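Two complexes follow with subunit A in common, the first pairing it with subunit B and the second with subunit C.
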Partner chain A sequence: MIMAVLGVPLAVLAAARTMDRPEIRKWKAVEIALPANDADEACLGRPIALALDADHLYIVDAQDGAVKLFSKNGEFLKAVGRKGRGPGELSFPSGVSVIGGRLFVADKFNYRIQAFDRAGEPRGGFPVPFAPDKACVLNGETLLVTSSPTGRTAAEKMLHLYDFGGRLRWEGLEARASSDPVFDAFINMILVFPGEGGEFFVVFRSGERSILRFTASGALVGKIPVDERYAFQPLDLPFRGPKKRLLGFCWAATWDRGLFYISAPAPVEGKDLGPGRLLSVVDRQGRLTASLELPCPVHRFVVEGTRVYAVDDDGGLRIFEVVR
Partner chain B sequence: MKKLAALALAGLVLVSAALFFPTALAAHDVNECYKNHRDCRENALNMDAPWFKVMLMLTVCDIALGKCALGL
Partner chain C sequence: MKRGLFPIALAAVLAGGAMGAGRAAVKARICASLEEASRGSPGPVLLVFFSTDCPICYDDLFESRYLIDKGRWPVSVVGVFSGPRDDLRTFLEKYAWTLPVVLDRRKALFKKYKVDAVPFKALLLGMEAVYRDDPYGDPDGRREELKRCLTRLFFR
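Then we have the complex of A and B:
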């Protein structure tokens, strides 16, 4: 009797949950042939960030100390910046964001944000008291800059909001800390991407299966739990102290038109985790709605409608068209 | 005799401490060590390599910091 009383509501609850979860659609990607880019500068040495605007694709090449501009069909146009420490020069650029033809570049080892116009001319910038990792324009006046914690001081903040003049507006998201700085480096690896109306999202690459949603002023307004059908990828690493398991959540991620595109880390070279070829498409409520299989593993990517711009294992640019 | 032994011991401790701990110049170098360590970690985290390799690189950075700080 008791079982029957308990069983009926549980069955109803389970059915409601199943109905709440849409079926996972399978999407395919077709590769688009790139034009021959013969210039030496078109070669990507160490591409570590991508950005899009209405007309161009921007790829940050940390090795060449430049941001490389491509057309949307993959034709190389020019390089902005060069290696160095002076104005217009970059030392390990690691992030780029574009608004109104103005590029903001995270100039990591020069400890500054540099601005350029689309012609490649330096247009100011400002110093920051940390090695900036990613730069992300949120609206016409706010720039989000991320940093990796050094592990030397307590309660280090990983998100910093500046206005375009370099005035700090807000700092937040404290780094998680344990007794092992190597483990901490992993659990504090984050990805950020702008949403709509100045909001932005933060994803931890391991250990956390929620996407954090912030407003342009830095207020945390939501925590989107990602569908349990999107599984963690566990990895045992020989960290200091008691045995710790790293729960790999995402290798790279982006946001486009109301959907998150998350690539899960995939098993590589035996017991290691590396970039995968499967992108999971998650809606604003965290529900897994589709999976997109790419022809090759991708390290970084951006999505625009049915186009995926990605960097492959060899550091080459690949463009895919999604077939839904 | 006991006083002499205690003094000699204290002297030895002081000399050892002076030899072991870095001088003002060396202390400046330690700051450079920390800066190199920070850059090393940033490089490792941006390697975009499988995570076991990143972990090895981060460990190498920590070892390098220890060696640098001790002046080895």
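Then we have the complex of A and C:
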């Protein structure tokens, strides 16, 4: 009797919750065959960031100290930059962003942002007082640069906004600090990606199930809680002191046409966690709207409409067409 | 680095610097495959995966050669490198390294022997890896383990 009385309101509540959540659609992806790309330069030694513009795919190869340009059908076109410390040379580049044919590269171990034109010629840049990790053009005048905290000083900022002349406009998002530098390194790993109209998003790779939304001036204007159905992969590591558990929220993420594409880490044989093959498609309200299953795990990716450009765990370029 | 090995690595570096003046005399052996690298010396092979960007890798490469030479183990040392050819050539000439190195741009050997990070060593008997560095081990511990493995396999 009691169950029957309670059952009605519970069923109503459950129905209301379900109505609030869209059905999760299952999307598949078909791999597009790529050209052979036999040139030695076309090999990707350590691809760690991708960017797109209207005609090209840009892949940062930290090992080769170059940004490699591909056509959108995957044909290798050229490498921009080479290893070194001089103008036009790069030391462990880790991020790239493109606007109007101008490339901005996070030149990590040279502590600078370097600009190139599409022909590969250096076109200035500016030094930064930290090892830059990612670079994102937000609009025609603002560049977002991220840094990983060193742990040497308190309240280190991880986001930095510069104008194209290298003038600092804003810094924010303080690194979280505990007594364990290894744990701190994990919990302060962030991913950033530009949205629309100069806004940008920040995702912590572990520990938070939300997406931070900032304006182009650095104002935090929203915290989007991500659907709890989105899978976490917990990770126990032998941190100093009591064992701490990381919630592996996100291996990689991007934004395209009003949707977040978030890949959760997956267990990998012989390792703790690695890249997964399932992308969660989340709307601006944080609701999981679709899951996209790729034919293979991907390490980094960008999305443009129904195309997914990715590098797999072996550093190979993969292009997929989404079937909705 | 073990105290006894440090002078060897240092000597290799200094010798490399001294050889820099006569770079044309050094014949770097950059190979396209493991088969090409081990041609003429069939038998056990110690693969040393390295990068020209990390000094720890240099030590591992130099000390691997020292270890094999000193123990007179019947093992060929073959370097494996996945970076640009020009970087490799410059490195080999600078350090007068004449042992074969496989230029593994497409990471076929890295994948085959499941190498995620360098430096890394694998001892092959035929195609089978009878020893692999512990990815979480420290360099000295790895070296001791390799020595134990060599002794077990090839003691006279």
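One rule holds for everything that comes next: the second predicted complex is superposed on the first by the 308 of 324 C-alpha atoms of A that agree within 3 Å, B and C clash if a C-alpha of one lies under 4 Å from a C-alpha of the other, contacts with A are read in each partner's own complex, and residues count from 1 in each chain.
Following the convention adopted for this analysis, a contact is a pair of C-beta atoms (placed from the backbone, for glycine too) under 8 Å apart; a residue touches a chain by one contact, two chains touch by 3 or more.
Bear in mind the structure is a predicted one, so any value in this text is a computation, not a measurement.
**Student:** Does the subunit A-based superposition show subunit B and subunit C clashing or fitting?
**Tutor:** Subunit B and subunit C fit side by side in the superposed model.
**Student:** Rounding to a multiple of 10°, what is the angle at subunit A's Cα centre between the Cα centres of subunit B and subunit C in the superposition?
**Tutor:** An angle of 50 degrees, rounded.
**Student:** What is the contact status of A:D312 with respect to subunit B (first) and subunit C (second): first, second, both, or neither?
**Tutor:** neither
**Student:** Does subunit B (first) or subunit C (second) touch A:D107, or do both, or does neither?
**Tutor:** Neither partner.
**Student:** More residues of subunit A are touched by which partner: subunit B or subunit C?
**Tutor:** The partner making contact with more of subunit A's residues is B.
**Student:** Once both complexes sit on top of each other, what is the least C-alpha distance from subunit B to subunit C, rounded to whole angstrom?
**Tutor:** Superposed on chain A, the two chains' closest C-alpha atoms are separated by 6 Å.
**Student:** Which subunit A residues are contacted by subunit C in one complex and by subunit B in the other?
**Tutor:** 271
**Student:** Residues of subunit A touching subunit B in their complex?
**Tutor:** Answer in residue numbers: 46, 48, 62, 92, 94, 108-109, 131, 133, 148, 150, 152, 181-182, 185-186, 189, 235, 237-239, 246, 248, 265, 268-269, 271-275, 299-300.
**Student:** What residues of subunit A sit close enough to touch subunit C in their complex?
**Tutor:** 40-41, 43, 45, 63-64, 83, 270-271, 314-315
**Student:** Give the list of subunit C residues in touch with subunit A in this complex.
**Tutor:** 51, 53, 82-85, 87, 105-107, 111, 114, 116
**Student:** In the complex of these two chains, what residues of subunit B are touching subunit A?
**Tutor:** Touch list, subunit B to subunit A: 34, 38-39, 41-46, 48-55, 58-59, 62.
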